[in-house]
Every structure is written in structure tokens, then in C-alpha cells.
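Have a look at these structures, which come just after this line.
Next, two complexes with subunit A in common: one pairs it with subunit B, the other with subunit C.
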Partner chain A sequence: MATTIPQTETTQPSATDLSARFPGIVSADTRPGFKGWIVPKQNLLEVATVIRDELGYDLLSTVTGVDYFPDNKMEVVYHAYKTTGGPGLEFKVQVPREDPVEVPSLIDIWPGVDFQEREAWDLLGIRFTGHPDLRRILMWEGFHGHPLRKDWKEGFYEEEFKPFKSRWPSGQFYMAEDKNPYHDNLGFPPNFDPEKYIPEGDALVYGSLTRYSVKNEEGLSTDHIIVNMGPQHPSTHGVFRAALMLDGETIMSLKPVIGYLHRNHEKIGERNTFLLNMPYTDRLDYFNSMANNFGYALAVEKLMNIPVAERADYIRVIMAELTRVQNHIVFIGNLLNDLGAMYTPALYAFEERELILDIFEAVSGARMMCNYFRFGGVVRDVPDDVMQKIKDLVYERLPARTEEMDRFLTENEVLVSRLKGVHVIDGETAVKYSVTGPLLRAAGVPYDIRRADPYSIYDRFEFDVAMRTNGDLYDNYLIRLDEIWQSLRILQQAIKQIPKGPINSQKPQYQVRVPAGEAYGRIESPKGELGFYVISNGKPNPWRYHVRAPSFVNITPLEKICVGNKIADFVALFGVIDVVMGELDR
Partner chain B sequence: MDKESLNLPGYDIPEDMQSAVAVTTLDRIYNWGRRSSVWPLMFGLACCAIEMIVAQTARFDLARFGMEVMRPPPRQSDLMIVAGTVTKKMVPAIVRLYNQMPEPKYVVAMGACASSGGPFKEGYNVVAGIDKFLPVDVYIPGCPPTPQALIAGLIKLQEKIDKQSIRNVRWYQKGPDSVEVPVPILGPDLIDPRRNPDIRETASRNEG
Partner chain C sequence: MYGKGILKGLSVTWKRFWNTYLDDIAWLLRGKKRYYTEEGIKHRSSKDQRGIFTIQYPEERLITPEEARYVPFLVYDEKPDGTREQRCTSCGICAKVCPPQCIWIVRSNDPNTGRPIPEPTEFYIDVDICMNCGFCAEYCPFDAIIMDHDFELASYGRSVYNMEKLLKPASYYKSIRPQQYERNEAERKAKEAAKAAKAAGAPAAPAT
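This part shows the complex of A and B:
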């Protein structure tokens, strides 16, 4: 029954042969299991410009670093894609692992690398020369060390890899607090004196705001106002903080401050075994745990080169699309919250979400943290009565409720006057800033990975890529409704076509065997492109586990989006980006 | 609260006055007032916050317990539901919010992360439980706890309030508990000012 073979990436050899374009400069990555091109550091800017302008890879999806500690080198990995679709191009820069580790910044070519380069600096200590604002992003200024380096150890460090020997096979576990000299999750430099320490504080955050001075007609210089929103603010979505500079009510400059929910997914993920990471992915974007499972399963399946059971493929699509429907319904409810229609629309939205969560609970045992996907399939079958429930939802309840929402809200005078004409982002800027998902499609770029670079069995379904062209708040609202309708279309086809059969092509096992190599699995999550970059060295644990979170990359142009708008619209503008802090901070 | 549980036994109230008069203690009437209108701080950290929101919605309806009024400013709230992973970067803000809440104030640790660090305990930016900084009244297990579990935890909190007496609750006493919790500082790692001598001593012994 196992029919879908994971698509082998056609990056190489393909039409884009970088080594032919740059003979003697760019070479292919020949390590077994690896793809892409190795670019020397001094030629990076030149090669990247050609990749964007000549070869047409206009969307730089990810930038991340890898620490090859034993080989004493560091690598920066880039994945570029075309918004017109097709496979991607992967290129890398390798530098010796000696401080300072320096790589030229690509911020002038793809401004979307801004936050991702700051993240690589923060966590791996790779200094991007030419980056105008290379501050720490997830940790705070003054934190000791760069945590994702392989020789950096956290306070509760026990062993390099799980399962820890104290738990298995010996079974003699102890409290992590007992082993740490501070009896807590702490580590300080030798001879550190807390009483003499002067914290760095927020001077850098506020200092990074663009200063300006205005003189009014009488020659008096007027002052700007700095407003700090968050991290505890009723209408930002979770623990997000923004430092804003205002001229009256107009936003002049804005810096997001994130990391308040940085839960060290990547460090923990690199200690975990491959399967142990599955429940952690649930907690990335906690609205869409099924979608997160999907992306991670795809990445590891690509590495293992195993097929997915036919029935499981359909179950995956059904779950992923149900997730999308509930995400967008809740999005609309929350957007109305942000606009000041406190709670009533959200109550309606959560009512529908509950029904979808009932299905998740029936198949996986948990409402939110489903942990449902396995490599090669899913963990449990969908019983017939649950399938009937899904049918009822998809054919009757959800269309009726979506239409009701449409009827109540779309023409609503207050909503229209609040949303229409408030510009969010235009298509060209959005592509430059690596924005993906509904935000990009509302700006007139029909880029949907389900269509552009189909994964799983999305090539079997008929659906339209929803697109709107104005790129204002109203279009961002409408596109969510459009996408709900398209998801329902896919769901109806999937329910009709789903075959009987096994739900996993592999035997259930605790430890999977993953050959050495790298893989980048990406899906169209409800919020944008969700990618997992996994490197295996043949051991039971991933050597590198990186999450390309749509929320994180999509807020890169936040300052650009907000500058010139009124402070009252800030919450709505931030709301339509549809971020979830668990995924943003990881 | 019904008449039986409000009235003190042993007081004879004439039949015709029973519908209008009750004899009770100050503690009982005071606790009854507080437990029936616990206003939580509108404050969510992570995944658990979503289940906390769901507990407010139609299917679970926290309003049945007088807890539906989520207050954004700490000055108006009685209860802090720590819903989600407490990170080192966030904990100074949480402690500040707690200090700003007026007494009587309660803390509920919702979920595995807030109780002990949960699945993220080993993370370098994670505080292994909010009880390292704040006095927690009720721990709710789960990852995340279902709305039912949250409601069960809040009912436990009500039971706890019922048993308190103004004569000995800590916020009306002098003692270490009645002062504010010192706000932690973000240094090379998280510095808890209460532990300064201890940190200095261990760091001087530690060779790196």
C-alpha cells in the first residue's frame, strides 16, 4: 500500500549548476547525504546577487548556522526558493571555528535575513559583518556564551545525548538540582560577584530606535515619545514586547523585543533522539500541533528515505487542513478582539475550534498536543465514527458557520472602516523580507508551498491558491476566509478518496535508524512556511535541528509595516501577521 | 453559599427572621466574598494560556465560579494563573507583576512547566518552576491541563480560601512573606538577589 515515495530533491544536478557559473569558486557539497553548493566567504555577496538576480531565487527561506565542533569549523546554510515555484537552491559558507567567526551579512540582498542572522549570532556566535543591528535576539544582552555551540553546557547538563544513562538502562535517576553547584539551572563565570554586576538593561533596545528631531514653525524642537508595549500586554499575542517611538500618534520607529518564551527547542532537540522531538514540535505553534508534526515528519522521512503509507497520507492531509480551518477561524476571532470587539467573536470562534479539537482528542488522545505523526505514517487509525464526525463537520457545520461569520463580519461597517485601506505590506517588499503564508498571498503573490513545491499528496487535490491583491488589513482578513473555503474543498476530496489500509509503512519502534545527511522539510503551515532543517551523523540523535518558524521570519518587516501608521492600528497590524509566541521564540 | 454553611450552628434565630438574618463569623463572610469573586490577571505565557482562554469560553464557562473577569492590570486582580513556561528572560516581569498585585493575592501554577519546568526543564533559558520565586497556592498537573483540570484546580483554590482566617494569613503579618519578592536581575545568568552571597561563594570555588 505504500505508494508515495518522498520526493528526492532535485537541487543537484539541475539547471542551476552553480559550479559551472562560478568555475573554481563554487564547489558542490560532496559529503554523503548532503546537497547544495559551498561558496567561499569572500565570494558570498557576489554569488548571492547572481542567485537572486540571474537565477531568479527571489525568496530566501532560511539562514542558519551549524557547529561542526569536532572538525573545528562552522557553516552557515542558506535555502533559497523561487516564488514561482519549483525546488530550492541550497548554498553554504564554511568558516574556521576561531573567534571571531565572521561571515558577510546578506542583509543588502535579502533584507529578510535580519532576524535570522541575529539569531545565529545570538545562539551560535557567528558574527555577520555588515549587519547594521547585530544584537542578541532571543537571549538578553550580557548572557554568557552562545548556547547552541556544541561545547557550551547548560546548568542542568547531564549528558550529551538521550536517553541519559542514569534513566536507562541503570534507572538511577537523580534531581538535576543536586548535581549543579548552584542547586539550580544556573551557571556563572568564575569569581563572579552579583553585587558588583551592573546589568546592561534596555539601553541598547531603546538606543536602536531611529532618532529624529523635528522643529515646528516657531523653531521649537519637539520631542519624541518612547512607548514600551509588553511583554505583559492584554492584546499582544502572548509575551511579545515592542519598543515604539511616536510622533504624536504616528509610529516613527519600532523595535520588537522577543525571546520571552525562548524554550531552547533546538538545544533540547539536539540532545533528544529523533522520535523524542515529535512531542516537542507540538509545542512550537501550539494552535497547530498537527501541522508542526507534519513538517518534522517530512524532514526526517526525507533523511531516512522511507515511503508513507497511503492511508496515513490522507489522514495527515485531513488533520493538517482541519488545523488550518481552526487556526483561521480563531485568527478572525482574535483579530476582532484586537480591534476592540472584545471577546464575542472570539467566543464564536472557539466554539468551532472545540469541535475540531474533539476530533484531535479522539484520534490522538490529546486536545492540543497531539503527538500524532510518526515517521512513515501516523500513530493511530481514525475510527469510523470519528470519520463520520469529520464528515459532518466538513460538509455541514463548518461551511454553515464560515458563511455565518462571513455574513456577520465581512460587510460590517465598523469592521470595514477599521480594516480597509490600512496598508500592511506590498508584494515586492514581502518577498524581499522572506514573508510567507497568508500575509504574502494577501499582498498579491500566489505563493503556496502546497502548489509551488507540492509535498505529501497535495498534488492529487483540486484547490485554488487564495490570493488578494491590495495587501491591506481587509484583504488579510478576507484571505483567511478564502483559505477556509479552499481547505474545506481539500477536506471533502480527501474524505471521499481515503483508502483502507495500514497507517504506517514502518514497524513502530522507539529508536529510528537515520542515515547520515541533511534534509530540509517544509510545509505550508497556516502561518506560512514551516521548515525543519535536520542534520544526522548516523547516530540516534540529530546533530543539528533547526526550526524555520513562519512567525519568527514574518515579523522581520514589522517595523516597515508599522512605521507611518497610527499607534491605534499597531495591535491590528501585529495581529494580522498571526504570530504564536511558542513558535516565534522557540 | 447556602444558609446552612453561612450560619454558625448553635445560634437560635427565631423562625420568622431566618430568611433575613444570619449569624456568622467575620472569617466566613469575608472568605465567602473573596472566594466567589476571584479575578484572575489576564496573563498568559505559553500553550497553557490557550487552555486558560478556552476555560473562559462557552463550553467550560469559568463565569460559573465568579472568575470570568480577567483583569489586564495587576492592581485589579487577585489571582495570578502562571500559564506556561517561565523563562529566565520573563521572570523579572512576572515577579514585578506579582509585587504590583494588592493583597490578598494567590498564585496558581498551571501545567508542568510552571510547576517544575516540565518538558523544558533542562533548557538554558527556563526556570524550573515559578515556585522558585513566588509562593504557589495550587499546582495543576498536565501539559497542558485541560480546561476541566484548570477548573478543578481553581475549585481547590476556593477550598483553600474557605479555610483561611484573617488572623493568620501572611499578608496581614509581619515576616519575610509580607515583603515584596526581590526582582531577579538578568546578568550572565539569572541572578536572584536573595541568593547573592551564595552565588558569590560558589562562583569563587568554581574554576569555570
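This part shows the complex of A and C:
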């Protein structure tokens, strides 16, 4: 991959020199703009064990497949972090791009790679040997091909990259389906007849559930019962389906089935130029579009190596924290909805959300799809009257209403008896399964990226990392309240400190120049670690664009969480993970 | 005491219920209308709101902030003699920066001179695809494309807006976004003044 921009920084992880620990085996990635360590695939398990046990990187954050089509190789990129904080360690495996592409699975070392490896298999066709349940996860079982490969073309394929020349200057309008009728533009596997096809996906899902069959004392044989929850179920926050194996009312085994809202966000992102991708990130976690913008902007700014305007940094923090307050209030409302306290808490929560969205609309123009961040700053300044509104909310309304929420729910005996003692996950398991966000902190691991690996200007604010120790539903509820209070603290400081000045360090331009290289930008989104892994090859479009979605990774231990609990609690246990389908299915 | 928490919670709902009526009475005593007036709506969506929060759409509407954006429209200036002058020069930046690529622009050449006409011959926006991101308006160098405030776009068929549907006068632009309009006009005047000063000050400068 060619680069025109000289290498700006060569930040090898200085504390941990893997090539010294494994001389002759592990080598540093020397491509300009790239960092991390290249591990041969036959040594991957050995090196990964050392990284976890000796070097202490206990949280494996991402597994990303990359297709280097012209170089005829494929790469799997891993980012590992310490829950005690500090920068991460990046290591990669490179394999030739020929059938089959095989990489050993890390599932025995970090069980949290489960879904991410399935995703890489599904979208890129990287086979992880040793993975016990390597099925497709986002696409359906009968899907032909691996869509994120660079030589895979979608239906209604127009051009490799945007902008399309057909729009300008040749500008002839047509409807996509008129030009590309259905049958001309779909690839089927050889010998495939859609008329005779019987989907095998369901059989595979049910087959992956652990079966059981026992005889009781009287010799009566009891059998399993399979219950499908969703995809059209009011409690699943969208189109989520779980196949559950029940013994009476107790959950014995569970497999989530996702991908109903899949749109291959990452392929779209690779077609887009860097800037065009910004509004698409809004659609990931559509409750927290400001947070998504934040993560993506950080990743691309890292790649471009540009500073952020001082005032813009404060505006970003204010927006991100307002988003967090809004998300957590709505979470509490929805959790109560899931528990059967229909509508009243949820609608009380939505009042505060509406007022916060009013602010977003006044600054960015849209309530939910904000598209507010630009590389180097934000799109427009916060006017004084809006700043006054933010102050009113942060100093008067939100503290009063959070306090009211607390009074309204926390001691309610019905709520307490439903939530207290229903175990979700313990800290050790949560770390193993790469769980991040409030779910991890409620289990007694005070891991918050704002403190552990501060980004933007979070190191300037005084706040505490909220933590609860029991890891049950009640703690998961309480930690949201705690985090609202901490967010309000940050907001109050940010409003006081915000300076006057420009809101973007760059000139507004519609075509940004991004030097070749890779960057992983991550933030503490309200749901957990939201990361964007971007590779540029110096062209206007990203070569690889990967989203490490907290919702997606956090449901990895769903089976672990639910097994042994009653099916009636499934709704609450699933709700407490706080998933949003736009981000889960991408 | 068992049940204390429930009673505490119920007091919150009870308070909210009565607050609606208390506020109604307070507004009545002050001789103001709380419903169906701009003042009332503003109060009910402010930090001081208590009790009922609902805005009775479509009889009442939330106050739209100036920055609100829905689908874009094209601006034309009305000349004193009644002719329309389009601001768009079909430079294509909006089409290039459109994330879902929903803008189509047709350019054509003058049949007499053979040179391109700046005004677009056709301009389509596929509103079904438009994601209302506002990039086109943000990066348009001539303020020719502006995001509209009209959000009631439901229709029975596909909505592909052509030029006839897209063109709206500058006075409409001024009415929905007064502050932005003033800013743009000031910028434009400054630019024209600079141009005029340059032309007057350095007439011998080589044309670029």
C-alpha cells in the first residue's frame, strides 16, 4: 500500500516489546502509519496466552478482519486492553487469501471473541479453527459469499466508491430497481434453486442448543421445550430473537439470533468517503448519535493527526454527556417497561429525553440523527440561548428530575423484589467475555475508558467512576443513576470552563485528506466501549472501516447470563444489557 | 414499614397529576392561555414545565429551531422586474458530498456558444433516499441549497422532487432561517465589496 504522507508518529507500545519476548517469531508491523505486532498464525495461541497472563491484557476488545485483496492476504487485528487502565496492545495475524482462510480461534483464551469471530467468518470468510459454533451471525444461513470481501459486489451495485459519476456531471435520474431488475443482479450458488430451497438456518440454531432429556423418579421422561422469543416481541427492543431451551420455567440453553436489521454498515462505510460516513454513524446506536459521531471523529482525527479546537472539545464533551444522561434515563424507563410497570416511568423518562433532544435539534438541526461532529471540531457553534438552556437543564431540571426518579423507583418494594438478587454477571466472567460499560461496572470492575485511557479532554474533569459490586439487576439499575450524577458533575464543570474561540481547527472542506495508516478510536459510549477501526490507503475512501459496537459484544455472554434464571426474568436480563438493534445488527 | 417505597413513588405520580391542573389554574388566573398559544407551548417545553408534557399535534406544534433540517430546497432570487434568478451554478458539490447520493444534476451547453450554462437544466432529489444530513446545504458555496423546515412529507407514491418542486424564493428562506440568511447576506456583501475594491484598485492585474 502506497503512502504519500511521511510517517508522523512511530508509537510502538513501548512498555511491552513482544518481539523481545518472542525473538524471531513476533515482528513489529513496519508499514507506514501502522503499529502493533505481527504474530504467525501457528504461534497465535501461545502469544495470546502470554499477552493475557504475563502482560496482563485481560480484556480483548476487538477482533477485526481485514481483506487486503490486491496483496492477496487477509489479516485479523486484535486490540487487547488492561482493565486497570492504560494504552492497549495491538497484534495481528496475516494469512494468505486463499480458500480456506484459516486462523486459530482465541475462544479458549478470551471467550468474548465468540460473536466477533463469527462476524469475521460471516462477513469476510475467515475460518476460525477451534471455534465451537462457527455459524453465520449477521447474514442468513443461505447467503452466498462473504460481503465484506473486496471482490464481493452487492445487488444494485453501481460503482466502487462514492461520489458516483452518474449523479454529476451526467445526472440522469432513474430508480435503482428500474436499472437493475431483481433477477439480473443477484448471485446464487451453483445448483441453487430458490423455488426448492428449504432454509436450514433454524435447524442449525436449534441444533446448537444444548439438549437434555431426563427421567424423573417415577420413570417419567421429561424433554426439552424450545421457545422462540422474538423477532417480533415487544420486549426485545427491536427485531431480536432468542431461541431458548427450557426446563419448566428455567432457561437451560439459549442462542441469540440477530441480523434482522443488518445493512452491512461497514461495506457502506467503505464505499463512502471519510466525511460522508459521519451521518451513517448516527444510525448505529440511534439513541446516542452524538456518542457515535464522537468515536468516529476521534478515529479519523488520529489518522489525520490533527488537533481539535479547544471550544469544540468542550462542546463535544457536553453533547456526549447529555447523551449519556438521556440514554440512562431512558434505560431506566425502559427497564421498568420490561418489568411490567407499563409506560409511566418510561414516559417520565422521555420528558427529560425530549428536552435534551431539543438542545440537539437547536445546535445540530436534528433530534436523533445529529451529524454534528466534523474532523477537527464540530459543525456549528452553540448559540448563547442554547447554552442558557443547557445550563438550566444541567443545574436545575436534570438534578431535580433524577432525584425524583430516585424517589419514584429506588425503594419501591415491587421493583426491589423483582431486581434484587437476580444475578446478571460477575466481574471475572464479564472481563473474560469482553463486556464493557455499565454492565461491567455494576459487576465490580471500575473500568471506564474516560478514566482508564482518557480521550478528548476527559482528563480535565473531576468525576468518579461509578461502581457497584453485586452484579445483580438492582445494581445495574442503580449504576445508571450513579452515572447520571457523575455526568451532571462533568457537565457542570464543562459549562463553567468552556472558552470562547473557533469551533474547528480545520477549514471546512468536503474532501478531507487522510494519510495512509490505521487508527482505532474508542470512547466510553453510554452502553460500553464504542470503537472505530479505520484503515486508510491515502485515497478518499477508507479501505477498512470496522465498528466495535458495545451492544454486539455485550450480548456475547447472554447465554451465560440467562442460564439458570427463569424465563420471566429473561426480558429484564436482556433489557439490562441495554442493546440497540441499529448497533447490534449494523 | 413495608409499602413505604410504593407510597413514596405514588406521591410522585400524584404530584405530577395535580401539577397539570395547578398550572392550568395559575395560567387562568394570570389571564393567559396555556394551550394552543406559542407562549404556552414554549413554557410547556421549557425547564419550568410541570405536569402534562404533551403537545397536541397537529393542532399545536413544537417551536422549530432555526437549525432544524428536513429535505433540501433550491433558492432563487426575485429580481425587481419579476424574473427569477437561480443561485445554483450546477457545480456539483452537493451531489458529490451527498452520502446516499440522492442528488442528480443535469447540465447542458448553450446551443449558440457551445459553452456550459451555469444554471442546471434538471435538478432531482430523491426524497425517499435523502437522509436529511444537511451536507449539501453546509458545503454549498453559493447558499443555493438550503434545508427546509417542512416535515410533513407523507405521500402515496415515490417522491422524486424535480426543479419545479425544489425551487423556492429567497424570501421563504429568509422567513424560516432569518439569522442564517442575515449572515449569508453580510458575507455576500463583503465578498462583493472586496471584489469591487479589487477591481477598482488593481485594474491592470492579470486575469486568472
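We take it that the second predicted complex is superposed on the first by the 557 of 586 C-alpha atoms of A that agree within 3 Å, B and C clash if a C-alpha of one lies under 4 Å from a C-alpha of the other, contacts with A are read in each partner's own complex, and residues count from 1 in each chain.
In this text, contacts are C-beta pairs under 8 Å (C-beta built on N, C-alpha and C of every residue); 3 or more make two chains touch, one makes a residue touch a chain.
Only a predicted model underlies this, so the values are computations on that prediction, with no experimental measurement involved.
Once the two complexes are overlaid on the shared chain, A:Ala362 sits against subunit C while remaining clear of subunit B.
By the touch criterion defined above, A:Glu396 lies against subunit C but remains apart from subunit B after alignment on the C-alpha atoms of chain A.
Of the two partner chains placed by the overlay, only subunit B lies in contact with A:Asn264; subunit C stays clear of it. Shared-chain residue A:Gly171: touches subunit C; no touch with subunit B.
Look at A:Pro279: by the touch rule set out above, it reaches both subunit B and subunit C.
Looking at the shared chain after the overlay, A:Glu351 reaches both subunit B and subunit C. In the three-chain superposition model, subunit A touches both subunit B and subunit C at residues 279-280, 351, 354, 369.
The residues of subunit A lying in touch with subunit B in their complex are 138-140, 142-144, 147, 154-158, 176-177, 181-182, 184-195, 197, 199-200, 231-234, 238-239, 259-264, 267-268, 271, 279-280, 283, 286-287, 346-347, 350-351, 353-354, 367-369, 581-582. On subunit A, the positions that touch subunit C within their shared complex are 162-164, 166-169, 171-173, 175, 272, 275-280, 344, 348, 351, 354-355, 358, 361-366, 369, 371, 379-380, 389, 392-393, 396-397, 404, 407-416, 508, 510-511. Those residues of subunit C whose C-beta lies close enough to touch subunit A in the complex are 2-6, 8-9, 11-13, 16, 45-47, 49, 53, 65, 67-69, 90, 92-93, 95-99, 101, 103-107, 122, 124, 126, 131-135, 138-139, 147, 158, 160. Residue ranges on subunit B touching subunit A, taken from their complex, read 42-47, 49-51, 53-54, 57-59, 72, 84-85, 87, 89-90, 93, 97, 117, 119-128, 132, 143-144, 146, 185-191, 193, 196, 198-200, 202-208.
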